[in-house]
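In the two complexes that follow, subunit A is the common piece, with subunit B as its partner first and subunit C second.
Right after this comes the complex of A and B.
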């Protein structure tokens, strides 16, 4: 049996080497070279000394944070009530369904909805509200980003809340806790793992939503993704683009550490 | 476990078969076949009927592939994976490709129809004596507006765009050279400026323009202008022609005081395998009647003098698309800036995009 086990692992190792390790190493490698192929630290020096990139990093983190918080605030109650419903699987399917549709299609649909002559503005028109510029604003960018990320937050939350034994809540109530106390002392702490994985699943991709910043934000919302695209596609300075990529990878590692499950000390 | 192993073997077999299939398909689609011409062009940048006509007339088979930016095209030709016989780069890109020795010199004796190209479009700075390229279409950078909201008199010069009435109204094409160019042109500087002082002056001036920017986008401008999401945009004349075909309220103006003059050109890249076919294709496209047909389909300005008489007067007398020679004299063709200044333009552009009110 043992022999088979190592043999069967080969495809996975190959996968890890070629599609996970090698690309990351390439990105890190490129970030240390300038356009003439000489080894340099200038890419990093420029990144951390220029206000432009730091501001962009701040912007990216800020928007990702906003998106994460808003999705969490919407998703938690949703997931909580879903666990109480009869046809849970059906509702879950309805939540997952939009993720089957391509991101770009959804973005284009929102362009139609938010347009000056679009659905939302004509709806507001019924109440005598004049057409507003909705596209290319922070508001529309956040709405679309949140909409796209919602399922990725709801699913881990739902799993965590679903696993919570009903007897715990009954016990809490038996011992005289009020509904609010039960929620904050029992339900929420026990669902924390779901919150953490939901935050990971939403925050990290939100850091580089560059297609949305362009289509919905009209490039009036700038995140690091925009800069990466520019360096790879226009100026062809792969070193600088890779440097930004490395910073993003580091940011993701930091998030993973903060939201990861701590297994030390026997505490769960 | 045995089942798993046989499954693995099956998967490997299928992969091998698919791979062989690709190789076979590439062979049969004529990587080496002398009867196929590989054309690498911008998307929707030729009348498809002309391809059929070319195939009928010459017996060649056309394999048509498209790209969406000069840089993407450059990368692919540099790699040399596919052997393109004809490509259509813009002016500054020709300069760059020439430097990198990616182009084959043209033998003018094999292109008799070259005589139809108007003399003012020959022998341009990016390719002296047309050693490597033949102009395909040309145009300018200007302003499109909707006559329901504005009049032509509101767009006399680039400086008019700074007017406070355009707050959050203008759509700009997403290009560093174009956006910086507006600043440079409004100050009377060259669009190819390599002076840090001039660039910084333009940057400071453009900061005041950013509140007027509704969005900085690329191809989407066409849709947004056509369905009146926006009433004014800075874009290329070719794009403008597209929108105007969809919405009759749109008009294109070229502001005074210089703008970008651009050319897309037919070239034979180093990777070409079927040079004979490439010459046949270029010569075919240079034919007056074919050029006129193509111009009617695409809507861009043709450099083909011979084609003019086959085009309706309404097109050829439109000064927005066929400006006078004196107007053209004021315009500037982009030069390859070199990587240092290309990056400088893009860095400033990125900072302007981030700049908030």
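Right after this comes the complex of A and C.
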């Protein structure tokens, strides 16, 4: 029995070694070499002393935060509403469905919608509003990023809220709590694990968005993701690109620690 | 009769277009008594409880609390608290926070909360457990916390929704005593929902037996056990031998091919009836001394007694509970007294039944 278990684990560990561990080690390794292949700490020194990189870091964190907060604010009531519906699975499927469509395709679709001659502007035209520059603005970047991340926030929230026994809410009301009190004292604290998973699932990928920043944000918003792409693809400075990658990995680890699942009141 | 604390008047509850789960139910509940709503699942007992708690509104009819109509009063505005079947203790709070929940909502001063929670924990024999997490407690302890969380609010009525069903047998028996004692000490009305007739008989002042959205019979445990109104109640409450018979005249009933003296009156001559004799009222005796001659089919040792299944010559089945042993395959006699026979009419309403009993019972 035990032998079988070990055999079953082989593909997983292979995958782990070749596609997780090895690339991470390579990235860390590259970050200590300059363009001529000499060992150096200059990449890190430059990163932490240059205002340009620190601004990019701040931008990345700031936009990831905005995206996360906006998705959370939209997703929480949505998930709460969905738990009350009869055909939950169908509605859930409709939310998951867009994630099956290629990201690039969705981005191009938004270019069509937000363009000067696009759908949104011609709709506004009906009300006499002149065409506006929507594409390549912070606004359009946030809208599209939020749209893409929404399902990843809704699903963990929906699971957390759905698991909440109806009797908890009944008990709270029975003990005299109003609907608002019930929400803040019972429902929200007990769905916190869902909130944390959702924040993880949205914030971390949002840190390193790069394609959207170019296609929708028009490179007005330069985040670390964009910078990595520049270094690897354009300037061919792999060492610097890898350094930024390491910083991002560290940032993700910090987020994981802060949103890690803590035992809520000893739920077993 | 005291002024009722809760009254249901022709209360109907139906979901969608389905058959109603409650069909025009009316009853009164007095202050300070232990009531049990007893019936199989789907009989409507939990629906009644939910309507008293305020989780559900009647489709038709009225509910009164101390004479005031409360149909539309929300749950959080009622002087009623519930002990839930799954306890519904909040897992993100410890024992103290759970019990203090209702008091905090009412903005009770901190010192007062501490005193009251302590007293509630003492009442349910969990003194000193304030800091415990819910998951660290056993089923029986959670049960007590749930009770403490409800009674700390000093409700006029405590509703208990099958609270003992998740406990093991021994603990369940203990909790029956404790609940009964707690009710008498607090002096508030308890309304207990269960499908377990033993629980109902052991704890209640008054039992409502429900079936298919109707109250079939209400009365004290003794009344209901000794004088069940019909086949359903006789069968549901305790074990019974129920056979068809004919009421020859007052105090004389015919079943199993013979005529027997009984103490029932008020039926038409030669009216077809059903006859109930409880298994513990049948005594094993010799064929000559017995009123019925039966053949022993099976025998089961039940600990307190033997459960003996016999058949008479008319193929009626008789279950006997006896401390004496019988021999399988043997023919024996069964003896009983006229008082042990209870005669039931077909389709008699509770009002008619009560009136008939009144006419000769004194």
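Observations on the structure shown:
By definition in this document, the second predicted complex is superposed on the first by the 262 of 268 C-alpha atoms of A that agree within 3 Å, B and C clash if a C-alpha of one lies under 4 Å from a C-alpha of the other, contacts with A are read in each partner's own complex, and residues count from 1 in each chain.
The rule is short, and it goes like this: contacts are C-beta pairs under 8 Å (C-beta built on N, C-alpha and C of every residue); 3 or more make two chains touch, one makes a residue touch a chain.
Remember, predicted model here, so these are calculated numbers, not experimental data.
Looking at the superposition, the partner that touches the larger set of subunit A residues, subunit B or subunit C, turns out to be B. In the superposed pair of complexes, A:186 makes contact with subunit C only, with no contact to subunit B. Shared-chain residue A:122: touches no atom of subunit B or subunit C.
By the document's definition of touching, of the two partners only subunit B reaches A:235; subunit C does not. Shared-chain residue A:218: touches subunit B; no touch with subunit C.
Interface residues of subunit C, counted against subunit A in their complex, comprise 53-55, 74-77, 80-82, 84-86, 88-94, 101-102, 105-106, 133-136, 149-150, 153. Residue ranges of subunit B in contact with subunit A, taken from their complex: 1, 4, 8, 69, 71-72, 168, 171, 174, 176, 213-217, 220, 227-229, 339, 342-343, 346-347, 350-351, 353-354.
Residue ranges of subunit A in contact with subunit B, taken from their complex: 4, 8, 11, 35, 52, 55-56, 59, 111, 115-117, 133, 135-136, 214-215, 218-220, 222, 226-227, 230, 233-237. On subunit A, the positions that touch subunit C within their shared complex are 165, 167-168, 170-178, 181, 185-186, 189-190, 264-268.
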